[in-house]
Amino acid sequence: MSSSMGKIVKITLFGESHGPAVGCVIDGLVPNIKLDLEHIEKRLSQRRPGQSHLVTSRKELDRFEILSGTYDGRTTGAPLTVIFPNTDKKSEDYDVAKKVFRPGHADYTGFVKSQGANDPRGGGHFSARLTAPLVFAGALAEQLLLSRGIKIAGHIASIGMAKSLSLSDFSGYNEELMALDDTKYNIFESHQKQLLEEVERAKDTDDSVGAVVEIAVFGLPVGLGSPFFDTVESQLSYGVFSIPAVKGVSFGDGFDFAKKKGSEVVDAFVLDHQGNVKTNANHNGGINGGITNGMPLLMKCVFKPTASIGRAQETLDFDAGELTHLEIKGRHDPCVALRAVPIVKAVTAFTLLDMIMMQYGVAYNES
Amino acid sequence: MSSSMGKIVKITLFGESHGPAVGCVIDGLVPNIKLDLEHIEKRLSQRRPGQSHLVTSRKELDRFEILSGTYDGRTTGAPLTVIFPNTDKKSEDYDVAKKVFRPGHADYTGFVKSQGANDPRGGGHFSARLTAPLVFAGALAEQLLLSRGIKIAGHIASIGMAKSLSLSDFSGYNEELMALDDTKYNIFESHQKQLLEEVERAKDTDDSVGAVVEIAVFGLPVGLGSPFFDTVESQLSYGVFSIPAVKGVSFGDGFDFAKKKGSEVVDAFVLDHQGNVKTNANHNGGINGGITNGMPLLMKCVFKPTASIGRAQETLDFDAGELTHLEIKGRHDPCVALRAVPIVKAVTAFTLLDMIMMQYGVAYNES
Amino acid sequence: MSSSMGKIVKITLFGESHGPAVGCVIDGLVPNIKLDLEHIEKRLSQRRPGQSHLVTSRKELDRFEILSGTYDGRTTGAPLTVIFPNTDKKSEDYDVAKKVFRPGHADYTGFVKSQGANDPRGGGHFSARLTAPLVFAGALAEQLLLSRGIKIAGHIASIGMAKSLSLSDFSGYNEELMALDDTKYNIFESHQKQLLEEVERAKDTDDSVGAVVEIAVFGLPVGLGSPFFDTVESQLSYGVFSIPAVKGVSFGDGFDFAKKKGSEVVDAFVLDHQGNVKTNANHNGGINGGITNGMPLLMKCVFKPTASIGRAQETLDFDAGELTHLEIKGRHDPCVALRAVPIVKAVTAFTLLDMIMMQYGVAYNES
Amino acid sequence: MSSSMGKIVKITLFGESHGPAVGCVIDGLVPNIKLDLEHIEKRLSQRRPGQSHLVTSRKELDRFEILSGTYDGRTTGAPLTVIFPNTDKKSEDYDVAKKVFRPGHADYTGFVKSQGANDPRGGGHFSARLTAPLVFAGALAEQLLLSRGIKIAGHIASIGMAKSLSLSDFSGYNEELMALDDTKYNIFESHQKQLLEEVERAKDTDDSVGAVVEIAVFGLPVGLGSPFFDTVESQLSYGVFSIPAVKGVSFGDGFDFAKKKGSEVVDAFVLDHQGNVKTNANHNGGINGGITNGMPLLMKCVFKPTASIGRAQETLDFDAGELTHLEIKGRHDPCVALRAVPIVKAVTAFTLLDMIMMQYGVAYNES
C-alpha cells in the first residue's frame, strides 16, 4: 500500500472500518497553530452518516482523540496523530461479502491484492470511513489556507438529470457562497429540491444515482504549480481520485472542451481596476500550463452511483464457483455525493497547502 | 519546479524549446534490456511535427543521442540519459510573446513563476517539444510491459462533433487494434474521414478544435494499485495531466456516470471459460477501489482546442499596460490530439511500469 | 518535521514522552505475515528502562496496542499502526527544563524550531521513548529478513576504556552470537564484567560514559545498494543517525582506515569451497562501491555519554538571561548504549528490508 | 539504481567514465540566480586530476556544457542540466577489469548488480569522474548559501600518521580559512609538508594511504533539521557516504566520545556579547537532538586508502575460476583525499541548501 500523500505537509491514513479505530498522522505542520476545533467539527458533521433518511444510517459520532503533535491546543510542529475510535460496527451485515464479491466494490481486488488476508468487515481499509480523518486533516489545511486569504467553495453541481448553478459564475467568495457552506448537503438552496428529488427517486426504487461535485478556490497566488510533472491539475487529481467512487476529474470547461473551437474558449488577458492581470473569461479554470493564473480555480469530479443498492444483484460466489443472487443489507447512501463535498474540499485544501509550502515555504503568508 | 515522475522507475525531463537540447534521465531501469530502437522510432514519428498539412510545420527530425546508461545497446541499470538536440528553431516567430502574453498559454504564469527569468523563446521549458523525450521513455516502458504481456491501445475517440469507436467494445488486443497502431493519426480507419474533416474545418477558419483521446490497457495483473492514496486513477491522472492541453481525465464511464442509476452500471462478477474472474460489463474501466480487476483498463482524456489560433486575438500588452491585438504567426496544430496519442500512451506505459515495479519488483515477469 | 523513513516499507513515528501515547504507522508491509509477538516482546524488553540499577528507573511496561493493519494476527497489507500508551509520567522532574536549557539536549534547538510551542515535558517528541515503536517496527523487519536467511548480530563493542570482541572475527551467525542475543545488555559474556565496571564507575561519580555499538549482518544478497546516492552506507547511516546520542557511524575498518596503507587493507577476491566469490579479509565491511559484496556487513556507531548527569552543571536561564546552576533530577542512564543495541538493530533491519523490497520486490524470498 | 538526492532542490547524476559524457540535472533551483562561473571553475579545478605528480595523471579539462535551465546566464527555475563530455579515455588500461575483479572496487558488486550488463570501462557509472557534476552542483549550492551568510570551510585533517589543525578551533570564517580555500590541496600551509610527505612515501612504495577530511559550516540558522528521521547528521551522512572511498562520518567529537565521560563534554549554554545563545564548547559539533544550535557545524569523514595500488595483488580471475596476479596499470591517486575536499564541500552545501529550502522556503534569505 501507499497510504501517504504530500511532500512537505504529509498525511498518512490508517485503519479499518471495523477495527479499533481509523485515523491519520499529519506531518510537516508549522508549529504554533491554534486548532480551530469548531471548523473541524463543522466539516466532520457535513461528512457524517446517519443524519437524514437520504444517507446511510450507520451512526458514527465521529469523536476523535488527538494522540500527538499538540500542546495546549496548539501544534508543536511534531507529527499530529488523530484517531476516530470505531463504535457502531455491525459486522454481520457484511458477512456475506467474505465469500461473495460485491459488484463495483473493492472486495475482489482487495482480496487478490492482500492474498486473501484482508479485513473483510465493512470493506476493511477500503471503507469510506477512512475519509473521516481525511476530512479532519483537510479542515486543518483549510484553516491554514484561510489565514492566507484562500477560500474554497464546493457544492453538488448535478445529481442524475438535475443540474444546479455553476461556480464559474462567481468571481469571488461572496455571501451566497457563505450561505452555501451552511446548507445541509452543500447544495444551493435554489436547487436543493430538484437535486434531492433525484435522490429520493433512486432511494424509492432501491437504486442509487451519480452526481458531479464542483469546487472553486478563490485567492490563490499566481504562479503555483509546475509544467512537468507537478501541474496543479496533476496534484489535485491525484488526491481527488483517491476518494471512493470518483471516476473523473476535470478543470475549467473540462470535457466540454472536446466539442469546442479555440475561438470559443479564449481567456484573454486584461487589467482589472487595481491594475492586476486577469482574464476576461475562465475556460481554463484558473490554470495555464499547469500553473495558477490568479483566476478562480475551477474543478469538477464525478461520483458514480453507489455500487451497493438494495436490489438483488447477480454475482459470483467465489467459494462455490458459481453465480448467486446477492442482496446487500448494509446501510448505504443512495447518492454518495450528499456527504462528499467536505471530502473533496479536504483533499483540495490539503493538496494546495502542501503545494504552497513546497513552493513558498512557511513565510508565504507574510510575503 | 518538480520535473520528475515515478518511484522506482523515475523520469526527469529537462530542456527548452530553443535551447541546445531537450531530454530526460530515466533512472531505475533493470539492466540487460536490449533497446527496441525500431519501436522507439515508431512512437517518436507518431508524435513528430511537420508530417502533413494538418499539423504544425516545425520540422524536427527528433534525432536523439543516448549519453549514458547503455552499453552494447543494452541498459546497464545506471541512469539512461537521452537528448534531442534542437535544430529547427525560429525564435523570431515568438518574439512577440516576450511582451504580450498569449491567451491560454503559460506565457504569463511562467513569467510570474520565474520572476521574469524564463526563457520566452517558443514557450521555453513549457514547450510541447518536451514530450519528445517523454515519448522515448514511454516507448521503452511500453517495450518492458509488452514482455510481461501488457498491451496498450490508444486512439482519438472524438474531434469536435465527430465521434469514433469506443475501446470499451474490445475485449482483447486484436488485429483491428494492431492496424490502428499503424495509422497516421491513431484514428480508426472507418472514422478517419469524419474526424479529420473537423480538423480541416477548423484549419480553414484559422481556428482549432478540441478532442478526446481514449486508452485501453490489456493484460494487467489483478491487484495493482492502492486505495489510499495510490489508486490507479490517481497515478495515471497525475501523469496525464502533465501533458499540455489536457483538461480532464476519466475512467470507465467517466462523466457519464453522473446521470446514471446504480442498477444501470453493474459490473457483475462472473467466471470465464478458463475459470478466471471477470465482470460481465466494464463500466468501472477495469478498476475497483483504485485497484485493477483484470478487465481492460479504460481511460479518456480531453484535449482543449489549441490556444494558438491564426486569428487575431485581443490580449494584454504587459509593458504598455493596455490591450492590444495579437496575431500569432507561429506554426501550430489546429488539433493537438493528432499527435497526442503516443504521448498519452507514453505516460500510461511509464506510470504502469513504475507501479508494477513498485508492487511486484523486477521478478514480476517470471511470476 | 519529517517523521518518515523508507521508500517501499515506510515508518512514520509520532508521539511525545508525556502525551497520551507514542507510536508509529508502518506502511508497505506485504500481507499475510503472522506477527512474531514473542520476538517483538524480546526486542522491546532489551530496550525497556527500569530493569536494573544501571539504567534509568522510569518504569514503562511498553504495552502496545495495534490499531490497524492486522486481521486474525496477520498483516493485511494495509498500514499497521501500533501505539504505546504512556503510563509512568513524572512531569515534575522535567519542569525545570522549560526555562533552563539542559546542555547537550534538544531543549534549546527544539524550542527555537517550534517557535516556543514544543511540548517540554520529558523532551516531548525528542524523547528516547520514541524508540519503542521504532524497535517494534525493527523487530517485525528482522522477522521478515530472517525468513530470507538474513541475520543481524549486535553488541556493545566498547564502553569508555573497556573493549569487547570484534564482530569482524565472526564469519557466520553461530552459537556464540545466538547466546549474545540472550544476554541482558548485548555484551559478550566474556567481557561483561569489564564493560559494566565502566558504567558503575560513571554512575558512582554522578557521571556518564560513551560507548560503541557494533552490528554484523549475515546472509545479505550480493548486489544490494547503489553507487549514487543510495549506497548501503548512505541508507544505513541515515537511519542510525536518527537514534538519539549517536555521533558517528562507520563501516568495516571505519576511521582506522585513516592511518592505514592500501596494501594493508586488501580484500582479495577468492572462491570458497562452494565456488562462491568471497574476499579473504573484510576491511570494507561487506560493501564495495556502496553495494553489498556478500561478506558480513560490519557497522559501528558511537554513542556520546548521556548529556544528563547527576552533577550540577552551569547553564543558561533563558528567562532570566543569566547563568544558573542546573541539577537534573530525572532518571537517567549512565550509559545509553546498555539499551541501544535493539534500537540500532531495529534501524538496520528496517532499512535493509526496505532496500531489499525496493530492489527485488516481494518475490525476493522465492528467488 | 537511485541516482537522485534532495527533496526540494534535487540532483540526478548520470554518466559513465568512458561514455559520451557525465553530468547531472539540478531541479528545484530558484529562478534568477546569476551563475558564479568563476567560483564553479575554482571548485572544479580543486577536484580535477592531472595537476601534480601526487594525483592521477588522467587529464580531463572538465569542460562543461549547460544544456538547459539557464537564460542569459541566469537560472530560469526549470531543470538545469550540465554535461562534462569525456575526452581523455584510455580504455585499454582497464581491460583487465572485465574479467578480473579489482579488490576494494565495485567491479564485482557492479557486475552482479547489473547482471553482467555494466559498462566495465574505467568503472563505468561507478567512476569517481561522476563527482565532477556533483562538484558543479555543490559549487552552485555554495554560492546560494553564501548569499544567506553561510560559509563552508574544509581541509584534510590528517593523512596516515600526520595530523593537521582542527577546525573546532575556529569560531568564525576568518582570513586563515580564506587562505586555506586557495591552497592547492586544501591543507593548512603550516602542515602541508608533513601531510604530503605521507603521500610521497605511499607513492614511492607503489602504495596508497588513508586520510580524514574535516568540514566546518559557519552561519547556519538555529533550528535546522528534525529529530526523527531527518536529523542534520542523517542527511549529511547520507550524501557524504555516496562519495567513493568514504567509510566513516562523524560529528563533533565523533568516535572520541566513546572513551569520554559526560562531565568532560558539556557544551554549556551561555549568552555572547550580542545576547545570542551560544555554547561554551562545541563537542556536539553544532547539533543538538539532530538540529542545528547555531555553533559551527563540525563534520569529519574518513577516506580509505585508494584500493588501486601499483603493486601486484592476488585476486580472482572470474572466467578462469582461479586466483591470479593483478597489476593495475591505470592512473591512480595515492591519496584520494588530495582531491576530495571540494567533493565533500559540494555534498555538504547541496544537502544544507535543500534542508534550508525544505524548512524555510525561498524566502529564507529575506527573513
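Should a chain be cited, it is by its letter among A, B, C and D, assigned in written order, with residues numbered from 1 in that chain.
In this text, a residue touches a chain if its C-beta (ideal position, glycine included) is under 8 Å from a C-beta of that chain, and two chains touch if they have at least 3 such contacts.
Because the structure is predicted, anything quoted here is derived from the model rather than measured.
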{"item": "Separation of chain C from chain B in steps, with touching chains one step apart", "value": "1"}
{"item": "Greatest separation from chain D - chain, by CA centre", "value": "A"}
{"item": "Distance from chain C to chain A - Cα centre to Cα centre, in angstrom", "value": "40"}
{"item": "Whole-Å separation of chain centres (CA-atom averages), chain A against chain D", "value": "46"}
{"item": "Whole-Å gap between the CA centroids of chain C and chain D", "value": "26"}
{"item": "Multi-partner residues of chain D (at least 2 other chains)", "value": "1-4, 13, 113, 125, 358"}
{"item": "Chain B residues within the chain C interface of the complex", "value": "7-8, 357-364, 366-367"}
{"item": "Sites on chain C touched by chain D in the complex", "value": "1-5, 13, 101, 103-106, 108-110, 112-113, 125-126, 130, 134, 158, 160-161, 202, 205, 207-212, 222-223, 225-231, 233-235, 237-239, 241-242, 244, 246-255, 257-271, 275, 277, 279, 283-285, 287-293, 302-309, 311, 313-316, 318, 321-323, 358"}
{"item": "Complex interface listing, chain C residues touching chain A", "value": "1-4, 10, 12-16, 19-23, 25, 27-28, 31-32, 65-69, 71, 74-81, 83, 113-119, 124-125"}
